[in-house]
Amino acid sequence: MFRKILCGAGALGTSLFATAAAAADLVKAPDIAAQATMVNKGDTAWMLVSSVLVLMMSVPALALFYGGLVRTKNMLSVLMQVFMIVCIAALVWVGWGYSLAFTSGAGLEVGGHQFIGGISKMWLKGVTAGTYAATFSNNVYLPEFVFVIFQMTFACITPALIVGAFAERVKFWPLMLFMVLWLTAVYFPIAHMVWYWAGPDFLVDAPKDAGYLWDMGALDFAGGTVVHINAGIAGLVGCLMIGKRVGFGKEATPPHSMVMTMIGAALLWVGWFGFNAGSNLEANGVTAVAFINTFVATAAAALSWSLVEQSHHGKPSMLGAVTGAVAGLVAITPASGFASPMTSIAMGLIVSPLCYLFVSTVKNKLKYDDTLDVFGVHCIGGIFGAIATGVVAAPALGGQGIFDYYVFPAGVVEYDMAGQVWKQVKAVLVTLLWSGIGSAILFYIVDKIFGLRPTEEAEREGLDLSEHGERAYNY
Amino acid sequence: MGPAGTQGIGMKFIIAIIKPFKLDEVREALGAIGIAGMTVSEVKGFGRQKGQTEIYRGAEYSTNMLPKVKIEIAASDDLAPQVVETIQQVASTEAIGDGKIFVLDLASATRIRTGETGDTAL
Amino acid sequence: MGPAGTQGIGMKFIIAIIKPFKLDEVREALGAIGIAGMTVSEVKGFGRQKGQTEIYRGAEYSTNMLPKVKIEIAASDDLAPQVVETIQQVASTEAIGDGKIFVLDLASATRIRTGETGDTAL
Amino acid sequence: MGPAGTQGIGMKFIIAIIKPFKLDEVREALGAIGIAGMTVSEVKGFGRQKGQTEIYRGAEYSTNMLPKVKIEIAASDDLAPQVVETIQQVASTEAIGDGKIFVLDLASATRIRTGETGDTAL
Amino acid sequence: MFRKILCGAGALGTSLFATAAAAADLVKAPDIAAQATMVNKGDTAWMLVSSVLVLMMSVPALALFYGGLVRTKNMLSVLMQVFMIVCIAALVWVGWGYSLAFTSGAGLEVGGHQFIGGISKMWLKGVTAGTYAATFSNNVYLPEFVFVIFQMTFACITPALIVGAFAERVKFWPLMLFMVLWLTAVYFPIAHMVWYWAGPDFLVDAPKDAGYLWDMGALDFAGGTVVHINAGIAGLVGCLMIGKRVGFGKEATPPHSMVMTMIGAALLWVGWFGFNAGSNLEANGVTAVAFINTFVATAAAALSWSLVEQSHHGKPSMLGAVTGAVAGLVAITPASGFASPMTSIAMGLIVSPLCYLFVSTVKNKLKYDDTLDVFGVHCIGGIFGAIATGVVAAPALGGQGIFDYYVFPAGVVEYDMAGQVWKQVKAVLVTLLWSGIGSAILFYIVDKIFGLRPTEEAEREGLDLSEHGERAYNY
Amino acid sequence: MFRKILCGAGALGTSLFATAAAAADLVKAPDIAAQATMVNKGDTAWMLVSSVLVLMMSVPALALFYGGLVRTKNMLSVLMQVFMIVCIAALVWVGWGYSLAFTSGAGLEVGGHQFIGGISKMWLKGVTAGTYAATFSNNVYLPEFVFVIFQMTFACITPALIVGAFAERVKFWPLMLFMVLWLTAVYFPIAHMVWYWAGPDFLVDAPKDAGYLWDMGALDFAGGTVVHINAGIAGLVGCLMIGKRVGFGKEATPPHSMVMTMIGAALLWVGWFGFNAGSNLEANGVTAVAFINTFVATAAAALSWSLVEQSHHGKPSMLGAVTGAVAGLVAITPASGFASPMTSIAMGLIVSPLCYLFVSTVKNKLKYDDTLDVFGVHCIGGIFGAIATGVVAAPALGGQGIFDYYVFPAGVVEYDMAGQVWKQVKAVLVTLLWSGIGSAILFYIVDKIFGLRPTEEAEREGLDLSEHGERAYNY
């Protein structure tokens, strides 16, 4: 899920040598029978495992991370929202999401296709056990269903991230409807813009067959823009439009179970290796780069948040440590396959104070009620990560650099750091605007027609009983 | 029996059952009239107020047991009526299930730390 | 009203609020002076003692509500002063927040198993 | 002190400690004799009944603290004896540890919602 | 773990081309040295991961799913039962289970071998790091230990499923004894009947060397009959023979921790990909088919249960959603490698209302005390899934069809839907009868000799204290 | 991570045949370009998954296993300690740990290098997506980052194991400092001594390029000495030096949530397959041997602990079962790739009574306050396992035997059981002494300078509030 990657001599060698004798034998635009011979079961195994890990990030990990932070009376509502969003997103994905995100759009010549794909694969038409999807290496393919599945797990977790911003005060079914609309009008277009391209064996003959931001050259290895900025800004818009919780600022709302939050954070970390290292689409040396970067950036960010708290409050809290870990994961996401372990550590060290500032000072100043800090952690961390990607990808800093897929076979290009950072900034702005405006319109529509906010009485009683008729605990 | 009794300084033991979300408000209001301490516990209340019906798979559980908060306050006879009035006013939402205030006579009170007794112990 | 009242054998209902970690010691000490039974519950206390400030992400929660243990003991008039004294001495750490002991008059007591009443029911 | 006291309508505050699994039965029986409300909490009881020995790795914990349920009911003097009797009969299993019923005099009762006092507040 | 599968041109191609140059080079009945060259490390990696996932389904997933639904006082008893059943089943499996299930039985000529295997591999005699097990593709092998392990995890979870039916009222050691007997007399024979066969490179020369139901042509990709119907009916028999809980129908028994149930359900979903997609024994395109089917059937079933609850009670509960998810997982299990995503969604949508009917109406009418709805979800969902497999496998509906292993190399055959459905029904009936009668006999014996039911006092106090001397929580 | 392994004809065949046509084609001391062709994506996939699993063993598994056993007021302190140790260890690992453990030390000629590696790879200098690490098979390589990652997860969990010994009574930051020192002065040297060697294609030309204990011929497949004995003895020293908890022996300290402990234990089991089977560094038949041994030893140990409790107390507890499972996992760790399933079961059956003796009788007699039995389970279980490895590796008992890497290609050698057991005993003693003395010195230093013990008041209040300013639960 990234563009123009320099696989490095060894990594590239690995994948090539495993399937073919030498670069000289590489096939341009292989047909489906040829693609069938270019599949490696090690890649397939890795990508299926990665998909399992990303699903685990949503359920139970994210659900628990969020759920532990709300009050007992709203616990189940959070678990239910996350669980059901995953279900609905999966259905929408196989229905029209995959097609809208990962097929070439109509109007290739006029450029409209660069914002959204077509409808040729709706309901997975034509996708079988014998069709294939490209990776980032020439002549390396995956069974297409594997790619459909992996991307599905991303479409499942992204909308689920949003709900943290207005947890404890939203009606269930209208929220589900919002998510269907949001996926369609916000997520699929952005995924298409950032991640869609014709693949390394085909791009050279169809150089415009790529999403708008991909074509512009913006880098997003595993979803800084598509997932985190996208969900983070939608969360902020949602929490502003839905309004503050009853009693906000007056009643104490300490997390009901830090233990659940810790379990969730730990499993998020564990699962995030599928998210980031899986985004390499192969099991090779670059996969391991993405993996180790994800590991150490998280470690650095958790430590750094603890140090900030120590100096600010005199005590490092567990919630702080795991919040830092998540901030580190968010920040490294777009950079994971491009950075080096040392620049990843630097990113981790920096992102925590930044998010801390938003989560404590800025939020308290501006008095918006972003219940679980979706904006402060995911959007801010995501923006930082997306822009820093332009820096850390530089080979001069030990980064993986970028690869030119407009030639065949793909080869390394000169790295222009300033230019790359500017592309990253543009990608961030496009995402903020598209998602911010799109989300606002959709929240408005759903709220007008069905109402997003429960009654005050229902909110006081807690959403578990009022929306779902159950209680989380009966000890 | 205790010295308080013999000293003749009357005290009351006030038990109030209120809706949980009213606790903070009540505490503040009592602080304002000079109540320095109280003891709070979570209880389940059974009364006219109907509880939510809960459903687990096929089975419905409709319980009248509702979460309430119990406040216990020892106060001197002088302060007691004011305590009752304050709680009644602050905790009332005029909806069914707001709760009750019970007042009992207190024979003696002792502060564990110092052994003081009577209303100076409160 | 109950037979105990009519029998004229006075009883007291003693409520002590103590620090949780003192419970075991108090129980032992009361056992030593012949208190066979008691009822214990977890409560939250509000008083002069300051609680820890808790911080969750940006937000600080500084609550004065502290975990305490409530002990309820029914005892005959004879034994009651000794009970109060024992608790006061054993539960005291001489630090703020050690708690209180309240004594109320008990009109009657019944043992459910047998239906016995009065202080033989204790 | 309260109006109830002045009105001269006596009330009792009944505290019953019972075995947890008897709660539903007791509630039903009390409903049948016209008790509309009560307050329930979870407590731990210490008495003659021996608890299970619990073993965690090498260490044995043999506690006499057993889970019990405490019911608090305010009732008019008329109804109180019947309440005590009903609880005693329904909650008894004739096994040790069935619990106790304590009755205290209630000086006043107030319904928070309306401010009513006396036994109409119950 | 399935029969006669059509791998699809591409998928078949994949596995073949990865190990050999062309179908022409395929070796009939390869010897062990040849088999050693037919192992792909990608398959090995995938199967080991799948085994890990299936173990995770038992502990902690199933234990938590069940445990959350009982009362606090019985929590540990459920956790302990599941944990110890897994341990004991693993020992029994390597002791005699693998041999009884997956070797050719004595008396090949008279047909008795079709119901139970032999004892030649008891205590894993002869199984080494250098012996191999067949897959569903010609000339693709796995290290035999990998196959032993994968199947072991199935033998561990199946008996554990049963305990939900009589949770809160059974004595520990007698239950363990029952499980040893049940595995031996019920599970191993049924596994042999459904899943044993000589393998694609050998069957052609020994066409009768297969289990009874496999030979009949019944399809069960990942265990609809062997696991779910089998455990479900045993559970029903157990709950009837052990009797209702003390206070059943009078005392309220709300689940003590819906949060644990949600964690369990989520991890069941996550782990089930090892169960279903792992059952393909390779990491190829068909594996991905089984994976995506498992994903979307679950999503559809969770949604569908929520919609039923919404229309029936006015509120969708979290317990309903996760129960629906499990029902969807159960239903898709036998069909996972045969169906298409769209028919999988249809199966998910249908199974929830069906199970809901049993769990609410039928159970309440018939007044059996199936504590955790093992019958209503696993048996009913399993029966539905097993029969529907005959429909959705049809290539006309996008299914994978079936493969003829009686020729070499294996090839596609005509699909006869009515015939297939009838075979499925027969397999269901054989399983219901074998397991129902076998379980009844074993429960009876164990109950007479050791007693299955604790005293009423022990049950009232809770099994945690009375059977295990501990308490789940000491907050 | 083991020495001189006999891969078995089949397993060896597997890996060789998968990458090369015949043993005759094996390349001695391949250069980096050649190594690039010797990487198998199935191995890469497996090792990345194994790394994920080992991380999961630390967070959340170990954290929950330990956390559930302490009192509510100390829950978060345990979670926080484990989480932050993992973070800090990861940073230390990429900083200097990998270099100190896995490079050849200076002074090859005088032998000092056999105790600690060099500093050439500090901050991962020179490690890229195109460098490779050796496995245990000739001409089979992994991307070096994969090996760095896998070993990193071991460096993360080992110090975290220690904290259980003095849980509920230690100051956070001084503990973190201790861990940095301990990793540097104790863990990295021992890892170097036991696991460092030049690799099968290079050793023959540099026969002294190996760690002290490796060179001596001590076997430790997955970390019996390096991880468990090492952490176990450090824990004992720590609990003695920090002293008993306030109220020890007087106040009851029942575990606050056995449910968390069970979740932790189950996930430890699940993750341990990455630990043990991952330690084979490839995905082949021997990997499966390590896997099944890990499975059945655990099962046997859990059962055996339950039987001991049944006979001793009349009831099998859940805590006992999971403690037994962990003891079994510890015991099989060094032997996992050497034993057979049947000898693994024997090890499991024996280790539980042994640890039980220490945990109940010995600890109570000697009155040391090893809060969570780190010594009794990890050190004792580890010692038993390390020594028993010398027995069960014997081919006569179905073991995998040992392999001679001093010839090329590597080949089988005669097995001398008595000699091997003696080497194992020596390795145990070296580890006990190095770690015992080293830990004592480090505890002493940190305690003198910063103080390890909180005030009595802070301890009474609980470390959650006093050290971290939060509360685990606010129901």
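First chain written, first letter: the chains are A, B, C, D, E and F, and each begins at residue 1.
By definition in this document, a residue touches a chain if its C-beta (ideal position, glycine included) is under 8 Å from a C-beta of that chain, and two chains touch if they have at least 3 such contacts.
Just so it is clear, the model here is predicted, and its values are computed rather than measured.
S.K.: Note down the smallest number of touching-chain steps it takes to go from chain C to chain E.
M.R.: When the steps are counted carefully, the minimum from chain C to chain E is 2.
S.K.: Looking at chain pairs A-E and A-B, which one is connected by more C-beta pairs in contact?
M.R.: A-E
S.K.: Measuring centre to centre with CA averages, how many angstrom lie between chain E and chain F?
M.R.: 34
S.K.: As a quick test, compute the distance in whole Å between the mean CA positions of chain B and chain D.
M.R.: 16
S.K.: If you average the CA atoms of chain A and of chain C, how many Å lie between those two points?
M.R.: So the centroids are 55 Å from each other.
S.K.: Provide the list of chain E residues touching at least two other chains, using ranges where the numbers run on.
M.R.: 40-43, 45-46, 49, 252, 254-255, 257, 263, 313, 315, 317, 319, 469-471, 473
S.K.: Mind pulling the chain C residues that touch 2 or more other chains?
M.R.: Each of 41, 54-56, 104-105 in chain C touches at least two other chains.
S.K.: According to the definition already given, which pairs of chains are in contact?
M.R.: A-B, A-C, A-E, A-F, B-C, B-D, B-E, C-D, C-F, D-E, D-F, E-F
S.K.: Report the residues of chain C in contact with chain A in the complex, numbered from low to high.
M.R.: Interface residues on the chain C side: 54-59, 61, 63.
S.K.: Show which residues of chain B lie in contact with chain D when the two form their complex.
M.R.: Listed in rising order, the residues are 12, 15-18, 41-48, 65, 68, 70, 77, 80-81, 84, 87-88, 91-105.
S.K.: What residues of chain F sit close enough to touch chain A in their complex?
M.R.: Residue list for chain F touching chain A: 32-33, 36-37, 39-46, 48-49, 51-52, 55-56, 59-60, 63-64, 67, 75-76, 79-80, 83-84, 86-88, 90-91, 94, 123-124, 128-132, 143-146, 148-149, 152, 172-173, 257, 260, 263, 467-475.
S.K.: Touching residues of chain E toward chain A in the complex: what are they?
M.R.: Touching chain A from chain E are residues 7-11, 13-15, 17-18, 40-43, 45-46, 49, 53, 71-72, 254-259, 262-263, 266-267, 269-270, 273-274, 277, 282-289, 291-292, 295-296, 298-300, 302-303, 306, 310, 313, 315-319, 321-322, 325, 340-342, 345, 400, 473.
S.K.: Can you tell me which positions in chain B touch chain A when the two form their complex?
M.R.: Residue list for chain B touching chain A: 21, 24, 52-56.
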